[in-house]
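Several structures are given next for inspection.
Heads up, the next two complexes both have subunit A, just with different partners, subunit B and then subunit C.
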Partner chain A sequence: MSTPFLILAAVTLAGAWAAMTLRGLVHCALALAVAFAGIGALYLNLGAQFLGLAQLLVYVGAIAVLIVFVILLTRGGDVDSPRLSPASWPAAGVAVATAVFAVLGWAVFHSNAILAPLAPAPQPNIRQLGVALMDGYVLPLEVIGLMLTAALIGAVVVAMKEKP
Partner chain B sequence: MTPLAGCLLVSSLLFAVGLAGALTRRNTILVLVGIELMLNAANLNFVAFWRFGPHSQGGPESMTDSMTGMIFVLFAIAVAAAEAAVGLALILAVYRHAKTTDLSQLIGRRP
Partner chain C sequence: MQPSDQVFVLLKDWIVGQSPIMLQPGVSILLTVVPILLVFPVLFALTTVLERKGLGRIQNRYGPNRVGFYGILQPMADAVKSLTKEDIVPASADRAVHFLAPLVLLAVAFVPYAVLPIGRNMVAANLDAGVLFFFAIGAISELSVFMAGWSSRNKYSLLGAMRAVAQMISYEVPLLLSSIAVIMAAGSLSTVEIVEKQAGFTGIFPHWYVLTPWGFAGFILFMIAATAETNRSPFDLPEGESEIIAGYYIEYSGFKFALFFLGEYLGMFAISGLGITLFLGGWSAPLPFLTWIPSWIWFFTKLLVIVVGFIWVRGTLPRLRMDQLMNFAWKFMLPMALVVVVAAGAWRFLPQGVTRWLVCSVFLAGAYVLLARGVETRNKIAKRTYRFAE
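So, the complex of A and B:
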C-alpha cells in the first residue's frame, strides 16, 4: 500500500461520494469528472498506461462533457431537486449498498487470492497491446466498432426532435 | 494489507457508492452516473487482477494471455461509452415528452 495509491484512492472516492450526494447537478457532473480522472490515475499507478490515458480521454473528455450537455439541455442545472422523497426507499437503497459492500469486503478479506504471492509485474507496451488486438481479439474489435456505430446512430435517432 | 486487497477494497467501496447513488437519487441523469461509477469499479477490479494476478510467462501465446485484463477493460470502456450515449439520448427523449427528469414524477405516468 503505497502513499500515492492511498491519495489517489481517497481523491477518487471523495469525487464519487460528492457526485452522488451534492445537490446541484452541475456540481455532481464536475465531481464525477474528478472521480473518473482519479480512476485513470489509479490505472497509471497500477502500470496500465494505455488504459489510464484512454480512461481520461473517454470518460473525462467525452462522457463527463456529454453529461454536462444533457444536464444543461434538460435545464436540470437551475432546478434544485428536493433532497429525497419522504418515502422509505432512500434508506432502503443505502441499506442495500451497505450490505453489498459488507459482502464484498468480507469476500475480499476471506479469499485466497489476496494471500497468493505477488506475481512479477507485467511489462506492458503499446506494441504488444496493438498486436494482441489485431491478432487474437480482432473479431471482438470489429464487433465493438460495429456496436459503437450502431449506438451512435441510435442515440442520434432517439434524441432527434420528433415531427409533430 | 496487500496491494491487491487495497485495490479490491477501493473498488468495492466505489461500487457501493455508485449503487447507493443509483438507488437513492431521484434524477435520471444521476442514476446513470451511479451506473457509470459501478462500471468503473468493475474495471478497476480487472486492472488490479491483471497487475497482481498470476501470468503465464514465455511462449508466443502467453503474450496475448497476459494482455487479457487490459483488453477486457478496453472493451468495457467502449461498451460504457455506447451505453452512456444511448442512455443520455433516452433521457433527452423522455424529457422532451414528459418535461421532467425526476424519477418520482415519471413513475406511474401513462404514456
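So, the complex of A and C:
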C-alpha cells in the first residue's frame, strides 16, 4: 500500500466518520462531501480517470449541493435536535452492516473473477470507454438517456406553476 | 521553433538537470507549480488596476491615480490595507466552516490551471480527460460558496449563497453543452490535443473553432455562461449590493475578504483560459506571419483581451433580475446550446465547402431567431400572480 493511498483512505474514512457522528446537519453534509471527494481521489489514484472525475462532478458537484439545499429548504440547518434514536438502534445497525458485509464477502470469494487466473491488468482509457459506449452498449445508453429525459420532464411538470 | 518560444521549458529542464538525481522529480514538480501560483496572482493585481481604471473611464472619473505611476501600484496599497485590517468573525458564526470557506475557494480556484496549456509544451498535467477535470474541480467551488454563506449566520449572506449556487448550477449546463460541441469536433477531452487540432492556417485564417458557425455561437454561449459562472456583472446577483449588501462574503473582513476576491478573479482567468483553449486556438498565433511571437505571449494576450471584454461588459450592462436570469438560462441558453451541438455534428458530416457553411449558419440563425422570439412573446407585462404569498 502506497502512501497516497493511505492518506486518501484516512481522509475518506474520517469524512465518513464525521458525517455519521457530527450533530449539525450541514456539518454532516459537508463531511459527506469530503468523503465523496476522497473516494473520487482514490479512483484517480487507481488510474480510473473517467470514474474519478465523474465521481467528483456528480457527487461533490451535484449530490452534495442537493443534500445541502434539501437541508436548508426543509428544516433549517442549525436546529440541534435531541437524539431520537432508541437505544436498540446501534445494535440493529451493527447486525445489518455485518449481514451485508458477510453477503458481499461471500459473493466476492465465490465469484468467477477471483477463481480465474489473473489476466494482465487492462489499461482502460477514455477513448476506449467512449467507443464501448457508442458501440457495444449503445442500447443501454439510449434507454438510460430516455429514462433520464422522462425524469427531467416529470420534474418540470411537478414544478410547473398551477393554474389558479 | 525559436528558442524564445521554449525559453521557460528549456530553463526548467536545465535547472532540473543541475539538481541532484534524488531531488529531480520534486524540483520538476515545484518548477511547474510555483510559476502558476505566482503568475496568476500577479495578473490578478494588474487586473484590479485595469478594472478600476477602466470602470472609472466608463463612469467619467479617473479611477485610482495616487499610488505609484498613474496608480499602477494601487494593488500594493490594497494588500497592505487588507493585511492590517482586523479579522472579524461574527460571534454566532460557525468558526471552523467560516475559516475554511475562503481556503477551499482559493485551493479550488488554483487547481484547474493544471490542465490549461499556456504555451507550446507548457501544461502542468496533460490529462486524457482535461476538460472533464476542469469542470469536476469547478463543481467544488459551489460548495465553498455555500460554506461561506451558511457559516456566517447572516440572512443576507445565506440568501447570496443560495442565489450563487442556484445560478452556478443553472449556467453549468450551457457551459458544458457548448464545450461538448468542441469536444465532438476535436474528438478528444485533452486540452493539449484540442489546441493541436486547431493549429494550421487556410490562407490567412487559422483553424480556430470560433471561425466556424457553430463555434462562433458556441463561443458566445460559453462566454455568457462563464460570466454567470464567475458571478460577474451583469450576473452578479449573488453579491447584488443594492439588495443583499455583498452576498455570501458580507461577514468576511481583512485578508479573508481579499482571498475571496483573489479566488473570484482566478476563477475568471481559468474559465477564460478554457474558452481560449476550446475556441480561440489556445496558444496559436492568429495570423500565419505572426508565428514568430512566442506561444505564451499569445495565450496571455488573448487572456487580457477577454478580461478587458469582461470589464467592458461590467461597466456597460445593468444587473439582471432573478427571474430574468433563470428564464434566460433555461429557456434560451439551454436550447441554443443543444442546437449548437447538433450544428457541430452536422458540420462534421457534411462535405467541406460552401454548403456546410450555408446549412449550419442558416440552421443556427433560424434557431436563434425562433428562440429569441419565443422568449420575447412569453414576457408580456401582466399583473404578477403569487402562488404562496396571496
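Keep this in mind: the second predicted complex is superposed on the first by the 120 of 164 C-alpha atoms of A that agree within 3 Å, B and C clash if a C-alpha of one lies under 4 Å from a C-alpha of the other, contacts with A are read in each partner's own complex, and residues count from 1 in each chain.
Everything below uses one rule, namely that a residue touches a chain if its C-beta (ideal position, glycine included) is under 8 Å from a C-beta of that chain, and two chains touch if they have at least 3 such contacts.
If you're wondering where the values come from, they're calculated on a predicted model, not measured in any experiment.
When the two structures are aligned on the shared chain, A:Phe50 is found in touch with subunit B and with subunit C. In the superposition on chain A, contact of A:Asn125 is made with subunit C only, not with subunit B.
Contacts of A:Ala62 after superposition on the shared chain: both subunit B and subunit C are touched.
Put simply, more of the residues of subunit A are touched by B, taking subunit B and subunit C as the two choices. Within subunit A, the residues touching subunit B in one complex and subunit C in the other are 50, 54, 62, 69, 161-162. Within the complex formed with subunit C, the residues of subunit A that make contact are 24, 26-27, 30, 33, 37, 40, 49-50, 53-54, 56-57, 60-62, 64-65, 68-69, 72, 77-78, 125-127, 161-162, 164.
Subunit B meets subunit A in the complex at residues 1-10, 12-27, 29-30, 32-34, 36-37, 40, 43-44, 47-55, 63-64, 66-67, 70-71, 73-75, 77-86, 88-93, 95-96, 101-102, 104.
Chain contact summary for the complex, subunit C toward subunit A: residues 94, 97, 127-129, 132-133, 135-140, 142-143, 146-147, 150, 153, 158, 162, 165, 169, 172, 189, 385, 387. Against subunit B, in their complex, subunit A makes its touches with residues 1-2, 5-6, 9, 12-13, 16-17, 19-21, 25, 28-29, 32, 35-36, 39, 42-43, 46-48, 50-51, 54-55, 58-59, 62-63, 66-67, 69-71, 73-74, 76, 81-82, 84-85, 89-90, 92-94, 96-98, 100-101, 104-105, 108-109, 113-116, 118-122, 124, 128-129, 131-133, 135-137, 140, 144, 147-148, 151-152, 154-156, 158-159, 161-162.
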